C-alpha cells in the first residue's frame, strides 16, 4: 500500500503545478491591464503601484508566474472588485454553504444508488431494471438548471410546499435553534433533491455494471458451490467487491458535482461558493473568478487523493500487497 | 442494433430534430426574432408553443434553436475528437514519456470543474456562438483521449502492427492508416456521448448568458428569459427544457445501442 | 453412491439449443476415484455443474436423473439443494486465481461454509479451518488463515480451495481440472494431496481432466467423453490395453506419446 500511495503523491506534484500553469495561462486571456487580474483597476496610483510590485507586473511574464505562484501559495489571490476583500476570504466564507449542499448530496446518492445498482444487477432485464435504466438515461439527459427550475415550479411556485430560493428566511436569525434548523432543511430540500437526482442517474448505471461484472466472476460460482444461500452470495461476496470501484467513482465524480453545484446554487440563490463564482462571472470580477477556479481545482485534486487513499485501504490486494 | 426499441426511438427523434433544424426556414411559421403577437400567450393552434416574453413565436424560435444547438454540438465534438484522437493515439502508441506527458495533461485538465472553467474563459472573451463551440471542444477531449489511448495500448500489441512495423511503415502511417480504423467503433460511441454533453454544456452556457447571445435563439437562452415567468407562463421554461432533454436522450440511446451492437457481452455504463 | 442416469443438459443460444451433455449415464462407488476424460467442449465440466445444479444460464438440465445415495437430487428444490452443496457434495474449480474471493480472508471463506453446514460457533469453526489448512499442508496455518488469497501462490490457493471444499466432510468431491492452470511440479503435489485426502476422508471423487497422465496416476475407473456423449467406460488398465472405441484409442495414444 505504501508504494501505491507514494506513487500517487509523487504524481500529485506535477499535476498541481500543471494546474497552476494552466490557470495562469487562462487568466491572461482577460482583456486589459494585468492589474485588473488582481484588484479593481480603478484604484489610486499608490495602490496601483503596490499591486504592480506585489505581483511583479513590470517583470517578464515568466517571472510574473513565480510572483503569482508565491502569492497564491500564501493564500493571496488578489482582492475582489465588489467588496475589496481578499478573494480567499470571500471564498472561505461561502464554502460552508456549498459543503452543506454537496456532502449530504454525496451521502444520499450513495445510500440510494448502491441498493438500486444491486437490485438492477440481480434482477437484470426485469421491469424494475428497465425502469431504472430509463430514468437513468433521462436523468443524464436533463439539463441541471432545467430540473431545478421544474422542481421549483412544481413544489414552490404551484404547490407552495417549499421555499423557492435562499438558504434561510430573512429575519430568522433570532429564532430558536429548532426553528432555524427546520427552516434550513426546508430550504435545503429542493437544491439537494436536484443534485441527488442528477448524480443518481449516472452513478446507478455504473454501479449496476460493476455489480454485474462481479456477479460473473468465478468466485461467485465457488460461493454458490459451497451451498451459501443466494442472499449471502450477493451481499457478502458480490457487493463487497462491487463497492471497490465506487470508491474511485466518488473521486471521479467530484468535478461534475462541483459543476452541478455552481448551476444549482445559482438557480436556488443558495449562498455558496458556486453562486459566488457565477456572480463573479457576471460582474467580470477577475480576481474572484480565478480564485474560485484554482480553489475548486485544488479541492477536486485533494478529493481525488483522498479517494485514492480510500481505494488503497478498501482493496485488500493493494492494502496487503505482496512484496 | 435496430432491434432495440429504445435505440430506434432515439434515432427517430434525432432524425426528426435534424430535419427540422435543416429545414428551419421552411418549417418555422414566423420569423423567430420578430414580435408577432401579444406577450406570453399560452400554446394554441396559432402558436404551437405559445409566445415568449417579448411576443415572439416560441415554436419558430425553438425550430431555429434546434439548428443552433445541433450545430454547436457537432462542431464542438469534432474539435474534441480531433484533439482527443491525436493525443490519445500518440500516447497509446509511443508510450514512455510521451504517454506520461499526455496522461498528466489529461489529469490536469480533469482537475478543473469544466463548466466553471468554460464560464471563466467565456467571461474573459466576448461570448458568441463561435467561441462557445471552440471552448467546449477544447475542454471536452479528455474522455476521448483516454479511450483512444486505451485502444492503442491494446492494439499495438497485435501482430498486424508488428507486421507493419517490420516492413518499415512510419509511425504516423501506422497510427492513422492501420490502427485507427480498427479503433473506430468505441470512438463513434464516444462521439455520440460527446454530442450529448456538448449540447448540455452549450445550453448551460446560454442559460447564463455566456453562450449564444440573444436575439439568436438557443434553447438555453430561451430558458434564461423564462425564469422570471415561472409562475405566470411556465411553458416558456418547460418547452425548451424538454427539447434539450429529448435531443440529449436520443444521443444517449443511440450511443447505448451502438455500444451494445459492438460489444453485446459486456454491459458497462458509458461515461 | 452416485448414479447419473440419462442426463441431458442444453444451452440456448440465439434461439437454438446446443446439447452440451447428451444422455450421459455413469456411476460412482463409495471411496472410488472416477476420472472423466475429454477434450475441451466435450461436456465434462457441464456434467459436474449439472450434478451441483449450478449450470449457468442460458443452460438448462432438460432430462435425466441424478441419484445421490438413492435420492434424485434433480427433483430437489433450491432450498434443499443448498443443504447438499458444500455439505455432501463439494467442488473445486480450475482457476485458483479467480475462484477465491479477493476481498475476504481465506479463513473467512472456509469458516462460512463450516458455520453454515455444521453449526459450530465462531471459535470452533476457526479452529476447524486451521486444522483443514494444516491437513492440506499449508505451513503456519494459524497465521496464514488471516491472509487474503492474493498473498498465496497458485498452488497454495488450490490447496485452500481443497481445504474449503472438504471442511464440511462431504461424501463426494467434484474436481474440475484443478491442476490445469498450475505448472507441472505443483500439479504433482496437488494430485498427491488429493490422493491423501481421498484416503483420509474416504471420499468419492470425480476428477475431470483432459490429461490422461493424471487419470492414470489417480483414478481407478474412467469415462471418456466426446461431443457431450459418453464414448467409453472402463478401468484405467482396460482403457490402456483394450480401448473399445477408435476415439479412445487415438486419445490415449496421443496423450501417451505426449507424456513420454
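Should a chain be cited, it is by its letter among A, B and C, assigned in written order, with residues numbered from 1 in that chain.
Going forward, contacts are C-beta pairs under 8 Å (C-beta built on N, C-alpha and C of every residue); 3 or more make two chains touch, one makes a residue touch a chain.
Since the structure is predicted, the reported quantities are computational estimates derived from the model, not experimental observations.
By C-beta pair count, the most extensively touching chains are A-B. Among the remaining chains, C is positioned farthest from chain B, on the basis of C-alpha centroids.
Mean C-alpha positions place chain A and chain B at a centre distance of 22 Å. A straight line joining the Cα centres of chain A and chain C is 50 Å long. Across the interface of their complex, chain A is touched by residues 52, 54, 56, 82-87, 90-91, 93, 95, 98-105, 112-113, 116-117, 147-148, 150-151, 161, 164-165 of chain C. Listed in rising order, the residues of chain A touching chain C in the complex are 217-219, 221-229, 232, 236-237, 240-241, 244, 315-317, 320, 322.
Listing the residues of chain B that touch chain A in their complex gives 6, 104-105, 107-117, 119-125, 196, 200, 203-204, 207-210, 220, 223, 226-227, 230-231, 234, 237-238, 240-241, 244-246, 248-249, 251-253, 256, 267-271. Contacts from chain A toward chain B in the complex involve residues 11, 14-15, 18-19, 22, 26, 29-31, 134, 137-138, 140-146, 149-150, 152-153, 157, 202, 205-206, 208-209, 212-213, 255-256, 258-259, 262-263, 266, 277-278, 281-282, 284, 286, 289-290, 292-293, 296-297, 300-301, 304.
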